[in-house]
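Reviewing the structure listed below.
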Amino acid sequence: MEMTGTLATIGYGLACIGPGIGVGIIFGLGVQAIARQPEARGILQGQMILGMAVIEALAILGFVLAFIQAG
Amino acid sequence: MEMTGTLATIGYGLACIGPGIGVGIIFGLGVQAIARQPEARGILQGQMILGMAVIEALAILGFVLAFIQAG
Amino acid sequence: MEMTGTLATIGYGLACIGPGIGVGIIFGLGVQAIARQPEARGILQGQMILGMAVIEALAILGFVLAFIQAG
Amino acid sequence: MEMTGTLATIGYGLACIGPGIGVGIIFGLGVQAIARQPEARGILQGQMILGMAVIEALAILGFVLAFIQAG
Amino acid sequence: MEMTGTLATIGYGLACIGPGIGVGIIFGLGVQAIARQPEARGILQGQMILGMAVIEALAILGFVLAFIQAG
């Protein structure tokens, strides 16, 4: 067997690095913020979900792109 | 099957690394700032959205570029 | 023996870098938050699991993609 | 299909890693600074915009270069 | 000598980067949390083991994938 596969899989893998770390930072620091101000939990959680959504969208775009450009 | 695909997918994947981490830092530290000053939430959220927009633009440019230069 | 294998394995490997670090940040900072506010453990743990789920999903998508695009 | 694409897209992707993280650090720490000194918001925001502009320029130069050198 | 080997080994190697750092962050920050709240050791240790398990699984999946796709 020769080397096979498509660069698209590598592209998706790279597209996961930033979002994986970024969402981790949001929820890690967010959990600490909630521990300090439990009564503001609703507002804080809203911000965390908002940040998570815009970041996660980047990885999902990479997933779509990997299918389109798999060749 | 041979190796297939386009370098454009890899380019988009790389373009997601920085923005993914960067937006995560903004929202992670931003959530902590809101927890400390809940009454300044409007001002802080405005700054967070502004920073998010200029960073997210970089990844979106990479997405556009990946389509243009897919070959 | 020549070089063999598929780029799909490399793609999955890359897709693990971000989620591995990200989930680590969530649970590391989350454990510290629980140590400071043990009575809020239920709420904090819920946030940690939520963040873990959305991040882990990225790596699992990479695992699926590696099988689909192995060639 | 063979492997296609241009190294220019990869170049732009790499050019986004630093600026994405850098602008994120500026706005993340900047938001915390504003939360601590809300009355100095104008001065702080000016510094943040200045830092963002010089960093963002690096990625935009990479975008221009990717078009010129796509071959 | 020609270049030999399989891309599968590289894929597994990459799959270890994130989990290695991530589990390190969990246990490093977790040990500090236990030092601050020794009486909550049982709860904290449970969270650390949970986080470690979901991260370690990513690398183990990479190990399995490397065997399947070694060619």
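For clarity, chains are labelled A, B, C, D and E in written order, and residue numbers in each chain start from 1.
The rule is simple: a residue touches a chain if its C-beta (ideal position, glycine included) is under 8 Å from a C-beta of that chain, and two chains touch if they have at least 3 such contacts.
What you see is a predicted model, and the numbers here were worked out from it, not measured in a lab.
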Open item on the list: If you apply the touch rule, which chains end up adjacent to both subunit A and subunit D?
Closed with: B
Task: Rigid-body rotation angle, subunit E and subunit D, from Cα fit (steps of 5°) - done: 135
Open item on the list: Could you work out how far the Cα centre of subunit B sits from that of subunit D, in whole Å?
Closed with: 10
Open item on the list: Can you work out the whole-Å distance between the CA centroids of subunit B and subunit C?
Closed with: 19
Task: Centre-of-Cα separation between subunit D and subunit C, whole angstrom - done: 26
Task: Multi-partner residues of subunit C (each touching 2 or more other chains) - done: 2-14, 17-26, 28-30, 32, 34, 36, 48, 52, 59, 66, 70-71
Open item on the list: Quick check: in the complex, which residue numbers of subunit C touch subunit E?
Closed with: 1-14, 16-32, 34-36, 38, 41, 45, 48, 52, 56, 59, 63, 66, 70
